[in-house]
Amino acid sequence: MSIQILLMELVLMPLVAFVVGLFLVLMLRRIGAKLQRRVGPPMMQPLYDIVKLYGKKTQISHGWMHDIGIIMAVGGYVAAETLLPVPGMDGIADKGGLVTLVYVMMIPSLGLALGVGQCANPNGSIGIARALTAMLAYDVPFVIVVFGVAWYFGTTNLVDIIAIQQAGGVAGWGATAMPLLAIAGLFALQGMLGKQPFEIYIAPAEIATGPMVEMSGKYLGGLFVMQCFQLYTAGVLYVSLFLGGGENWLFFLLKVFVVVAIPMTVAFLFPRYKTEQMIRLMWKWPVMIGLLGLAFVMH
Amino acid sequence: MKNMKEIDIPIEASVEQSRTNPLARVFDELVRFCRSRSMFMLHYCTGCGAIELPPAMTSRFDMERLGIQPMVTPRQADILLITGYVSIKTLKRVILTYEQMGSPKYVIGICSCTVNGGMYWQSYATAKQLDQYLPVDLYIAGCMPRPEAVLEGMRKLMDRIRSGEADGWKDYYRRYDWYLGNQQHLFGDDWQTPADVIGEASHYDLAGSGTEGEHTHLLQQCQKPLEPQQTFFQIGGSLEVKGESHE
Amino acid sequence: MSDIDYKDKGSILNPFKSLQFFARKPVTEPLEPRLASLSYRGFHINDWELCIGCSSCQKVCDNAAISMIEIPGLPSDPVKGVRNQRPAIDYGRCCWCALCVDICPTGSISLSREYVHTCTQEEIDSYFILPDPNGIHKKFYGYGWRKVADSDLLNLERGDMGERSADQRSDNFDEIVDGYSLEQAVAEASRCVQCGMCHDACPTHMHAPEYIRAIWQQDMEEAVRQIYRTNPFSHVCGRICTHRCETACSIGRRGDPVAIRWLKRFAMDSVDHETVKAIAAQGKVDYLSGKQIAIVGAGPAGLTAAFDLVKLGHQVTVYEAQAEAGGMTRYGIPEYRLPFDMLDQDVDVITAMGVSIEYNTRIGVDIELSKLQQNNDAVLLALGLQLGRSTRIPGSEHRQVTKAVDLLRKIAADEAFDVPRSVVVIGGGNVAMDIARSLVRLQRQQYGESRITLTALEDRDHFLADPVEIEESIEEGIEILDSRGPQACEIDEKGRLIGLRTWKVLSIFDELHRFAPSYDESDEQLHPGEMVIEAIGQMSDVSLLGDELTERLEWNRGRLQVDEAGRTSEAWLWAAGDCVNGPDVVHAVADGHQVAASIEAVLGRQETDHES
Amino acid sequence: MSKTVTPWLDNLLQEIEGIEIRRKDSRRVRIDIAADSLPTLLELLRGRAGYVHLSAITCVDWIDESQFELVYQLWSYESQSLVSAHIRIARDPGVYVSVFDLYQPAAFFERDIHEMFGVYFEGSPDMSKFILTEWNGPPPMRKEFDAEAWVNETFERKEYQPDWLKEITEQGGGIVKSPEEARQKKP
Amino acid sequence: MRPENYQAISHPPSNEYELNFGPNHPGIEGNYALKVKLHGDVVVAARADGGYLHRGFEKLMEGRLWIQNIALVPRICVPDPVPMEVCYSMAVEALNDMEVPERAQWLRVLQLELSRIAAHLFTFGGHAATTGMYTTMYWGVADRDQILDLFEEWTGGRVYHIYNIPGGVRRDIPAGFLDRVSHTMDYIESRLPDYDNLFFTNQVFVDRARDTGPMNQQQALEWGVTGPNLRATGLAFDVRRDDPYLVYDQIDFDIPTEAPGDAWARTLVRRQELKQSIHIVRQVVEKLPSVSGPVRTQIPNPLAWNVPAGETYTRVESSKGELGYYVVSDGGDKPYRVHIRGPSSMHAVQVLEQLAVGARLEDVAQIMFSLDACPPEVDR
């Protein structure tokens, strides 16, 4: 692979991720609208929002840490996108592997924590505290799942994992082979996306949307972009681990949208759990299922 | 309104108008379009008109069709909806909120009360004319207006934002002294907010002859560093605790 | 009790049943505003044809949102109770409660189904609107909340006035009307919406809204004070006023007008005479001007002028040909309508102010007018209309054919005359009713029965008399024949009057609205009667002026020509009352005030001229 | 349904002096009592008659008599009847004792009356301002405070100049009676 | 530095800190504030701060005619305005010793119950939203709109009906209206299973609501709690039954109760009340055609209406609890004194302050909404 193609992929992959992410956000809002018996936003709404936020005249920064935090949040995901293979583009996926990805995916949360901490708004601080707690909660099943998958396929290279799955057809998919881990993965996905019932760190009714409380203008825009990436990342990761990745763009996108639709739908059907309820739940069922799945896999 | 017309405001060329680069103009056009299609509304229930906002936001009238979403903090909001009367106590918070919102920002006055006191024209507790304290971009008539009327108002505001006519926020910078004077008249001479409006005005190149004046001088004289607010706490009706609060 | 038990833990799967909504249609309405309901309280509509500018809406408005706007070019007629004002509404205050709709006396205001109005800061003036039939954006969306019988806040029915039945009243001269009790009066007073139409319509501009409000507040002395601001003949007007105020009353647009006259009567009756005197004397100057004024005629016009002038410190002498004061109110109006002691009280208030009245003094006979001119700074003629007009039909010179005014005077003065057993009255006005009803009483007293026929040119709908009078006359047994034109008083061969012959009237006026009755000669009737009474109008007795003065003065169709303030072409002579303006008590009072003001102005000017 | 309220009423009559009891209907009883005796009455009502619910405390400013009337509405869930106890206290200095120790809801009402009327309740847990924290004027509910006059002084009425009004004014018409004038005309 | 980037105030690090709920906060019902002092995320003290919605109603009413106040009263509690109108009208009727025609009484009951249904649907939505469950809010508000449509057709206003006046109601129902009421009731009843599935039997919600903000009957009585909140502690008290007004004594309905007194119990009680209200509305719809006669006793000219001197305390059961009006007339054309006892003046201040202590931060908003506190009633 020439360096030019790699560079092009490194630019293209986040760009694709962003565009797909915009539509994932649109889907999120349309699903909500449908369940709430209404029409919902127009097609380009997510883009309008982001352009508007970047076009705000007032851009309030709370210091350089705040700026860096947002850069980390978005940058972390941009980096993550290059580690996620998509049809026709592998980027640096085969060099990074699953473990790197898991670590890279923590960067945004930490960046956010840094940035929000600078705002000195107690709501933000509480939100971050909760977000980190939530991370702790969903990371346990997540790590189990990642570990199980890596064990099963015998590799942490996502490109290889996808290749193995695609070789076996539907029967070769991770979900077929490791249904329990796939279920545990869904829980982790829900937690990772921070959707109800694991929405505690946003919680508008308590802490006025938590980490976002002091964000405005392009900083909020950054968070909106991050959300696009987040949905995309989570979706693609799940597809890569359990649904055989993308044979072609059509199937790939279809799988991603279906996968993301599941937590989105659930989000509109449930209230949020309190922190300790969330941890209790996360460390109970998903972990048990995950461990059970792991046990099956290891035997 | 009378006072307003007495003040002669020189029209300053705004930053956007002075751009000549056609690409920049296209970009401005795009931003204005997106602003009009994505309005985050601060849902601050100042008065009874707020009761018609849930219907307007929810399934029956679904504001999201127009790209309008409620936002919970002023930092993220573009639109400040004043839903009816503002008591003097609330008005202070409203001004505080308004100054924390990011420009460009728009104020919508709903119901009769925001125009001339409405139902509470006799009341010692409510402010009567909102436009004396904040620049208002749009009024929606009714007591309270139905959700449809609110939506119509929003659509009108969208048109005005898109055409660049809705620029009340610039007015606040240009005639800050007048607004501040009215605020001081109601709240007392020691009224102050954390925002440095004069500094912002010059930063945005919007400072005009009405930005500074006797009232801003008074503000500068009375200004004190902000301190955490003291709250007198009481638990279970007997125990008393003193504490600090973040505002 | 509850079908979800408290212990129910719920299920994690139940919410997924809501996935069915993926397959359901949204409930969202289209973006265009819906049409509001049929009784929606939207923006105002005002039917300018119906609206009379009474400002009741302004009074009921909670929010002080309504201003009255005078609009030049709209009809404005105080007598009809119409003003050229229309309400304008401040939508910066309005709360769309629709109380203005519910109170509107005419039903002109309603609310429409239109409800969208948005504007920018520059357009904020559009919040102040003048509702017209179109709605605020010149588009009619249909009526929303309108007045219905249930929501009408006004009480359209007048409180019943107790009165004697026909049997009880038709053989005596006791007053027919009982007058209100306090409770009734307060209830009636509370019907008023204080629009002031009555004030505008009243010839003397009585402060009716104020005294009605005072009555409602049960402050009768205040009411009397308000009454005496403009009317010293309050007892009289409280009983027999022609109440133009009630014609103009805005409540009367759709219901019974407020009984303003009876309320005045009640206020006057409920304050004792001495207090009334004290109230009337308020505002009298405590010095003498040194001016002397002579007034001819102690009727309402003369005495009102005297009252005003005395209040200003002038010395006033009133010359009255009759033995008592009151003029036509005493000698023209029967006692059952206006008891003499009530009139006496009014006169007493005036004389107590210092007006001296020379009774039984006929100018031109007992004292010459020129003498009055010499001895006084000003002379006012308030002669009234004492002479009855004659039909001049054949036989009308017969001695049994009399004028109603003459007979009424005799009855009032208690002069004896032969009460005829049967009478025919010619005329359809109040005087005709008065004489007919007075004779009913006399006949009943003497013969136990009455036989009176009343004929009039007009048809029943166009009688000049009060409808109440006509109704009561019929109740008292008077036969009323309308559209009968008198042709001759039939006299039998012995020279006795046997009755009146009439033809049926086809029309009274010709195309040019001139008086030219046409008859159906085939429809001829003879109304038998021992006496025929003509009650077709009165005129003034101006013989006292003397030939020379009569020549000098200017005349207008038989009446003295006066300027707006009542001054004749002679600088020292004023004229007022019925002799100038035709018969009406309250007009006479208004005239009295006006002429007094004119005299005061002229005398005051002379004063300053002298000083300078 | 309604139970008779007679027995305890009679007892009360014997125990407290200067008490006047009027029965309005089967569920409503009005008691007028001297201010000093009210705590005793409430104690009896709460302790023995089951009037555990303090529905409201109302203050009425009888400025002509220079008195405040305090009305305590008490409800008994057992006998399902409402007793309203009326007392009068002097307008100046306007001090009374709190009944918070008997009825906790009194805290809110007393605090409210304190800021609205300026009546001080001794022993009430909290007399700090609640609603009018940013009001510097006199207690607004007192009759001598004329809110409308204060408003007219502090705020100005919006003066609209719509085109139609200008047109009419040019023709010689215009506003003949503004709402303010209409209000002033009333006696 | 840009001028809008100002330094935040720094605080010494501490475990205890304060948080403002409101006045501009989605976790607060309306424009109201609650300051909480937290240790970790446990509330150690709470203090309500009202007055943001203060308009001085009681003063305003003293300056307006008796009739004019009918437009003012519904504004005191916007989500549930009808009890305000009815209670005020009843007070004025009591002072005048005025009879209300029977038909008007039934119409009032119909209004009160429709308003209660609307208010409860609104409350469910709000309560759900504080727990992050927006779908219920969207549904609840949209379904409430069906009832507002009925009100619009009937009274000409969606929210402010201004329909009750002393002496009765302002006009009769439009033709065919009762059919539409039945139809809407059918619709809402048909929606109840949806709500049950999504909300009331949602395990996550039940988990959150149970044991949140509990109070026992003893405490409730001590604190002056009324309405559904009191019934959720096991005391079956309802002004409609126990101090009957209008024609409630002719209507058959149950008073739902739950013993535990927590947010879950309060929610269940309201849910049952909603059903009972539908039941009552059905009875009224059935009864109304047979009750003929006027809908209003003619009152004197409202511009000149002196109400006899006297005082009265009238109560009705609003969707929030016991609502009382103490009205004094000095015989004039305006009230001499009106005191409004809103049920929320207990719930939103003392009760909320007490229940919040010891609760987790996550629960504070839920406690307020489960109490169904209505701040304008407190502020007036």
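For reference, chains read A, B, C, D and E in written order, and residue numbers begin at 1 within each chain.
The rule is simple: a residue touches a chain if its C-beta (ideal position, glycine included) is under 8 Å from a C-beta of that chain, and two chains touch if they have at least 3 such contacts.
Quantities reported herein were computed from a predicted structural model and do not represent experimental measurements.
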{"item": "Joint neighbours of chain D and chain A, given as chain labels", "value": "B, C, E"}
{"item": "Common touching chains of chain E and chain B", "value": "A, C, D"}
{"item": "Contact-graph separation of chain D and chain E, given in steps at minimum", "value": "1"}
{"item": "Pair joined by the larger number of C-beta contacts - A-B, B-D", "value": "A-B"}
{"item": "Identity of the chain that, by mean CA position, is farthest from chain B", "value": "C"}
{"item": "Most centrally placed chain - per-chain CA mean versus overall CA mean", "value": "E"}
{"item": "Rounded Å distance between chain C and chain D, as computed from the means of their C-alpha atoms", "value": "47"}
{"item": "Centre distance in Å when chain A and chain E are each reduced to the mean of their C-alpha atoms", "value": "42"}
{"item": "Computed distance of Cα centres, chain C from chain A, in Å", "value": "88"}
{"item": "Euclidean distance of C-alpha centroids - chain B vs chain C, Å", "value": "58"}
{"item": "Per-residue multi-chain contacts in chain C, two or more chains", "value": "15, 18, 26-28, 36, 59, 62, 64-65, 90, 92, 95-96, 124, 127, 213, 217"}
{"item": "For chain B, residues contacting two or more additional chains", "value": "1, 58-60, 62, 65, 72, 89, 102, 115-117, 119, 121-125, 129, 143, 146, 200, 232, 234, 237, 246"}
{"item": "Per-residue multi-chain contacts in chain D, two or more chains", "value": "104, 107, 132-134, 140, 145, 147-148, 158"}
{"item": "All pairs of touching chains, each written as two labels joined by a dash", "value": "A-B, A-C, A-E, B-C, B-D, B-E, C-D, C-E, D-E"}
{"item": "Chain B - residues contacting chain A, complex", "value": "30-31, 33-35, 37-38, 58-60, 62, 64-65, 67, 72-73, 75-76, 78, 101-104, 200, 204, 246"}
{"item": "Contact set on chain C toward chain B in their complex", "value": "26-29, 31, 33-34, 36, 43, 62-65, 90-96, 115-121, 124, 127"}
{"item": "Residues of chain C defined as touching chain E within the complex", "value": "1-2, 4, 6, 8-12, 14-15, 17-18, 27, 36-41, 56, 59-60, 62, 95-99, 102-103, 111, 144-145, 148, 150-151, 153-155, 187, 189-194, 213, 216-217"}
{"item": "Touching residues on chain E, where the partner in the complex is chain D", "value": "48-51, 54, 56, 58-60, 63, 221-224, 226, 235, 237, 242-243, 311, 313, 315, 322, 324, 326, 328, 336-337, 339, 341, 345-346, 349-350, 378-379"}
{"item": "Complex contact set, residues of chain A against chain E", "value": "32, 35-38, 58-63, 119-123, 126, 196-197, 199-200, 203-208, 268-275, 277"}
